[in-house]
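Which chain is which? They are A, B and C, in the order written, and residues in each are numbered from 1.
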């Protein structure tokens, strides 16, 4: 019995993916696709933060800016320059990764609130630049008429597969020596450096990987909404991503995926709460954090330990 | 025996305080060298200068014929110097196994693509590293607890674990910062054996220690610091009979508590 | 450009700058007393403004100064209880500081969205009794509220300085994060101290919120917009430094206006953020502070 439970725990994430994969088959109406797809798109950003924040301990409130880079790059190259959407799909995360370097480098020296404010500034700068480059981006009027790679249920499964791939990548990083280096940096940066971890290199790597994930999320966003506007990439949106990753347990790939789906999709299910959902999520998070140590949430999470090594931050 | 490490008139200042004042010391290949002195004499600062945590204002650190002062700490580990910490610095959220694994980092040939794609290279290196980790854990006597989380193991084992971690980087020189501090008699004796075994493998050791018996049993040569300056060098017996050394330890009445190292 | 118009711009800059400075001060006070960086400061500021709106326009129609005082009292009490029931217990439990920081972000989300739910998304305004007749000094057109704002803040700063330097509670407040033993030596419980600091901080934020009344329209997002600039101000001036908060706020407020007028208004925020990012790199402690490095 115990062995069966353990197998279930270790592979819960695949189960989750199967469930999501079966939803259209079991009668998820077409108009609900969008909400689950948005959940999957958000899941990519949450995974990016699991790596950057959960593993490496770098708190970013500027990730909406990275998603914007991916989204706008894709949209502009496809719509205005006639790139093949498949090429843009590959290029957008690469470009976002490069932009992510611009976020990473000033972050090497910074910790705690200094780091966070720096990332906020980054996110804002990106948003303002997009807002004002009207010729390229349509500025405040936005960019319309982006044709998706696929439509209907094909887009749904395409996204599912992509998110699954990225989730597997996250799991692999978690168990690897690179993941270990990330966590050493998170827990004791100075000691990590002294025992041989090239902290700068690994911080840069973490930011770049995180940015690539965010870039793909941006491409998905463009595909899903068909319309881009700088208001979708604000500091508040970045706070929402943070909310999702913390609710998912910060270091857990499975938790992050589920949290993104639930937080995004729940208001549809509980329609009457829709207007108040941000206050509710915020309150849930406040309570979660407040009673984190009291309830020894760490112990609860390690009992529900989804995969060996997905420990919760002390 | 050729010179492995040379601290050449190193000076390190913090604001108005000169923590290390023109210290000269040498570790020859294969030697065990002790560095002793009362609390606050600058021993750990010397260690920090050697390992790149601080850049000395003056002087040189020469390792294996190369000047390493000012290099980044992780580079110095690559060059072949490993160390432990006076106040244990292990990664508390991980297991014993993982902490030792971390020490291997400088020797890993894998990159991010190996990890993502689970290449054969990754499989092979992991297999090899796993064997090495278990060997090291066995060597220091901690194999049985390899899957324990750091929070659950006793202080004495943590101190020894740090040595295991440092060994993974295959250092030529091992710097031990008060490895016996807080250990009981049995643990101390075990530690002496471990340090001897390490030295027998050809690894040179620079040992900062407060416990005189510990140094006496291990170090062929001893340097004594006081107030950041070297006040004596020689064999253990020579140093402990040196009136300057006795004065430094007893005269000012500085004991084991308060002051920084 | 005439001297008068230039002076007018500077006064504008000082007005906003002092508001940023008050918010920055609030952040620094809490930082000094508890080691916490309060990301919800800007939203608390906004909440102060909305309470003022309710007291003087929407629900109660009280006179300006009465509404002002009431808003401060309500907000201060809120800050006190936030500390008592929420923040101090977590600090006491020695919860991971990053997690507490995230808590303040969650708080900002709650406040911002609660404002949206309660007061609605459209821009609102409350009036001030200082009149809308501009004062003309040479070329410069100055509004009465601008003078009043400056005077209020000057008085506030002087009172604060007296409090922080001459009273036991104030001295303890400045030192307690670095040396917690100081406050207990002075006979003040750390918990009380932190709660009073939150109270003071939230009062400052609400004052700033009311002072923005004539300058900015009241919208739920005002909190985030102001927050970021206030954070820039506090980091530029030096986190934890009183003078740093003032100077930082003024730098941000004045450069905002000058950049906007003489170069371009579209990228004025980018300029300020870049300035902050550069200062963080070369002098992470800000103008008035040097960061303490870690002991190995």
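We take it that contacts are C-beta pairs under 8 Å (C-beta built on N, C-alpha and C of every residue); 3 or more make two chains touch, one makes a residue touch a chain.
Bear in mind that the values here come from a model prediction, so they are computed numbers and not experimental data.
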item	value
Pair exhibiting more inter-chain C-beta contacts, A-C or A-B	A-C
Per Cα centroids, the chain farthest from chain C	B
Centre-of-Cα separation between chain C and chain B, whole angstrom	48
Whole-Å separation of chain centres (CA-atom averages), chain A against chain C	31
Computed distance of Cα centres, chain B from chain A, in Å	41
Chain C: positions in contact with at least two other chains	296
Per-residue multi-chain contacts in chain A, two or more chains	190, 194, 313-314
Where chain B touches two or more other chains at once, by residue number	53, 85
Residues of chain A touching chain B in the complex	169, 172-173, 176-178, 180-181, 183-184, 187-188, 190-199, 205, 209, 309, 311, 313-314
Footprint of chain C on chain A - complex, ascending	57, 59, 61, 106, 109-110, 112-114, 116-118, 120-122, 124-125, 128-129, 132, 190, 194, 234-236, 239-240, 242-243, 246, 275-276, 278-279, 281-283, 285-286, 289-290, 292-294, 313-314
In the complex, chain B residues that touch chain A	51-53, 72-74, 77-78, 82-83, 85, 89-94, 98, 101-106, 108, 110, 112, 115-116, 118, 122, 129, 165-166, 169
Touching residues on chain C, where the partner in the complex is chain A	37, 39, 86, 89-90, 93, 95-103, 105-110, 112-114, 117, 221, 224, 228, 231-232, 235, 239, 266-267, 269-270, 273-274, 276-277, 280-281, 284, 294, 296
